[in-house]
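In the two complexes that follow, chain A is the common piece, with chain B as its partner first and chain C second.
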Partner chain A sequence: MMVTGVKITLLLLLVTSITSLCLGTVIAIMRMSRTRALRFFGRLYVEIFRNIPGLFWLLFFYFVFPELLPYGLGDKLNAYDNYPIVAAIMGLTVDNASYVSDILRSGRLAIPDSQREVAISTGLNRVQQYLYVLLPQMFRAILPPLGTRMVHNFKNTSLCMAITVPELTWATQQIESLTFRGLEATAIATVFYIALSLSMVAVIILLEKYYKIDISSMTQAKGR
Partner chain B sequence: MIKFINVNKKFSDECIPLKNINLEISRGEVVVICGPSGAGKSTLIRVINKLETIDSGEIIVDGKHLSDPRTNLTALRAETGMVFQQLNLYPHKTALKNIMLAPMKVRKLSKREAEEKSMKLLEKVGLAHKYNSYPSQLSGGEQQRVAIARSLAMEPKIMLFDEPTSALDPELINEVLDVMISLAEEGMTMIVVTHEMAFAQRVASRVVFMDFGEILEIGKTPDIFVDPQHHRTKEFMSNILHTPVFCYNEPKNK
Partner chain C sequence: MHFFEQYGNLKFYLLGAFPVGDLGGLVLNIILAILSLSLSFFIGVLLGYSRLSRRKYVKIPCILYVDTIRSTPLILILFWLYFFLPYILGTDVSLFWTAVAALAVYSSAYQAEIVKAGILAIPKGQLEAALTSGLGRYQAMGFVILPQAFRMMVPSYVSFFISLFKETSIVYVIGVVELVHTGVIVSQRQPDSIYAAYLCMAIGFWVISYSMSHVARVLEQRMGSLDYESFRPDVSRDEFMLLPQDKSSSGDSS
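On to the complex of A and B.
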């Protein structure tokens, strides 16, 4: 049971880290778009998903979302054995993406506008400007807060026990109620959570070192 | 090559960077634009590749009207090199990669072609040995020379320089000016905003003096230094020529 719990927790961590990073990037780019409507929907997304608790979104995707779908599709989802995991991934993703997009936006603001101007003046189009000039610098600039956010998202996976996802925290509770050996199970879970959080932090520190861009050269480029 | 016809631009009632500008620059000319801070010098060259838009008038670059929606702006920009005051190499790329990016992505050169071309340009600006350095490992002068090479990689027909030496230590200015002088001698069409009057005297075919968004005087070198006509030009020239040129560093104007 513990082993399955660890597996599910890792699965949630891996999948939602990637999906929320992708969704967050899309939302961040929408928010910086020249098109008013895109900016509006980007903003709307962030305000909705950031200001309502993550647990609510888990419950929403588990209980409410299938009801909203056209008749038949929702039933199929409810009948699907792994639907709790799917709902968990959706809930964690939309929650985390709202934070990721805001962090990314702060990264964009940290890059001097002259970087974009250079890219324009050498003839790069909008997509190329983001792909080769802005996004690589944005991700480097936001590594520390982004790392913290990802650790936070990892811890949020424990909320998924509320929608019957057999992840690690759920497993400790099951063991407690079945065998009354909750103390041991919780201890193991604690060690696992700390170990994984710390290794995430270690990876982030390594990335920061590897991708360090000299801040002095960037502030200089900012002009006065 | 470049023609301004009655160009106007206004940020607010107090801030009018371009007032009724008429100017024609022909192929192979080197035009230096000078004037006090806030005179509209930077705006004048930024409108040429549409980093700023204009309110009225027309700009024709290489026979193409900038206001014409059919004008391919990206292509036009690719043919107009620009070097800025701020040191703005891409900080996450090495000198060589900085130069290679646009030729590969815009001109669709293969990696090898782009690499060869970029190395040649690095040699030209005297930095072939620094090809693998990141911008943070280069001095300001070296960064500006790589920035010039980066613009040249697109084989521009026109080069615009917006105070390329004003953010540099005095000692590093000449290495950048030398690169610009050799470009001018090769016949590149150049518009240079600068206060390096020694540079202007050496290569400029004409000097444009601006203040409050207006062109007050256009003179051939060296006439404009020796015998300026407008009283503001006289004042300005006497002020800056009495200051030893290599010490003169204008505050950023925005």
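On to the complex of A and C.
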């Protein structure tokens, strides 16, 4: 039970990290676009999802989302065995993506505008500007807050026990109610969470060492 | 419209079963957040200050505590206290106080980080000036550094309060009847209006944290940063320091 719990926690961590990074990037680019409607929807997304707790979104995707879908589709989803995991992934993703997009936006503001101007003058179109010039620098500039957010996201996977995803915290409670050995199980789970989040922090510090860019040096004119 | 029919449940969302039963609903979320934040305030300040201590036997336990709590999910802290508080205290602890204790433990670690960042943000010259004017180390901390640090910390405190307010929804797991739980109860009682119940929950959380984040933005503009450039008495330094003038080196003092 614990081993499946660990597996599912790791699965949730991996999948939601990737999906929320992608969604967050899309939202961040929407918020910085020139089109007014896109900016509005990006802002709306962030304001809605940031101000409502993650647990709500988990419960929402588990209980309400299938009801909102057209009739047959919702029933199919409810009948699907692994639907709790799918709902957990969706809930964690939308919650985390709002924070990621906010962090990315602050990263964009940290990069001097001359970078974009240079990208334009080399003849890149808007997609290429983001893909080859801005996004790589943005990600490198925001590594520390992004890492903190990812650790937070990892801790949030424990909330999924509320919607009966068989992840680690759920396993400890199950062991407690079946065998009354909850103490040992909870201790192991705590050690696991601490170890994994500390090692995530260590990886982030390493990445930061290799990839951090000195933004202040980019603004200075080199040579006259 | 199921949503407007929810008006009949308004009191249940806001107060829970208050006059007859325990307090609940949105008010309970706010109370939990405020109570746990204020209970752990002094512990947080103490921890944050001790983390910067030079004595290893003070510093290392604090770092261990803060890092352990910060890397444990709140839900596990909640379960630890849920199982252990009755065992340690020897009496039954109500769910409300278990939740308050867990949130207080959780927020003390985060407050320690905020306090640490606030103290580190104060320029070293302030401490040196305080020590030079004859204050002791603790007096300098209490009268000079901490008041300025608190001012710097206000915006991050408000944003931490918002995130703590959202985290209070987690106590749903041990069965405290706060806003999420009231919504779930309503949605189970009236299964056909399930989305209306969730909409009410969402509005409750959204209104409070959106207005608080607005407050945070205003506070950040007003007091987030102190203007240290204007504090520095550059002008009067050379004239009033009655030091023996050295002709050879006076040229490069500016």
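The definition used in the following text is that the second predicted complex is superposed on the first by the 217 of 224 C-alpha atoms of A that agree within 3 Å, B and C clash if a C-alpha of one lies under 4 Å from a C-alpha of the other, contacts with A are read in each partner's own complex, and residues count from 1 in each chain.
One rule holds in what follows: contacts are C-beta pairs under 8 Å (C-beta built on N, C-alpha and C of every residue); 3 or more make two chains touch, one makes a residue touch a chain.
Remember, it's a predicted structure, so these values are computed and weren't measured experimentally.
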First, second, both or neither for A:151, with chain B first and chain C second: second
First, second, both or neither for A:208, with chain B first and chain C second: neither
Larger contact residue set on chain A - chain B or chain C: C
Touching partner for A:75 - first (chain B), second (chain C), both, neither: neither
Which superposed partner A:60 touches (first chain B, second chain C, both, neither): second
Touching partner for A:118 - first (chain B), second (chain C), both, neither: first
Touching partner for A:184 - first (chain B), second (chain C), both, neither: neither
Which superposed partner A:52 touches (first chain B, second chain C, both, neither): second
Residues of chain B that touch chain A when the two form their complex: 49, 51, 74-75, 77-82, 84-92, 101-102, 105-106, 134-136, 140, 143, 147, 150-151, 154, 167, 251-252
Complex contacts: residues of chain A adjacent to chain B: 112, 114-115, 117-118, 120-125, 128, 132-133, 136-137, 140, 211, 213-214, 216-218, 220-224
Complex contact set, residues of chain C against chain A: 67-68, 71-76, 79-80, 83, 166-167, 169-170, 172-173, 180, 184, 187, 194-195, 198, 201-202, 205-206, 209-210, 213
Parts of chain A lying in touch with chain C, wherever the complex brings them together: 47-48, 50-56, 59-60, 63-64, 67-68, 151, 155-156, 158-159, 161-162, 169, 172-173, 182-183, 186, 189-190, 193-194, 197-198, 201
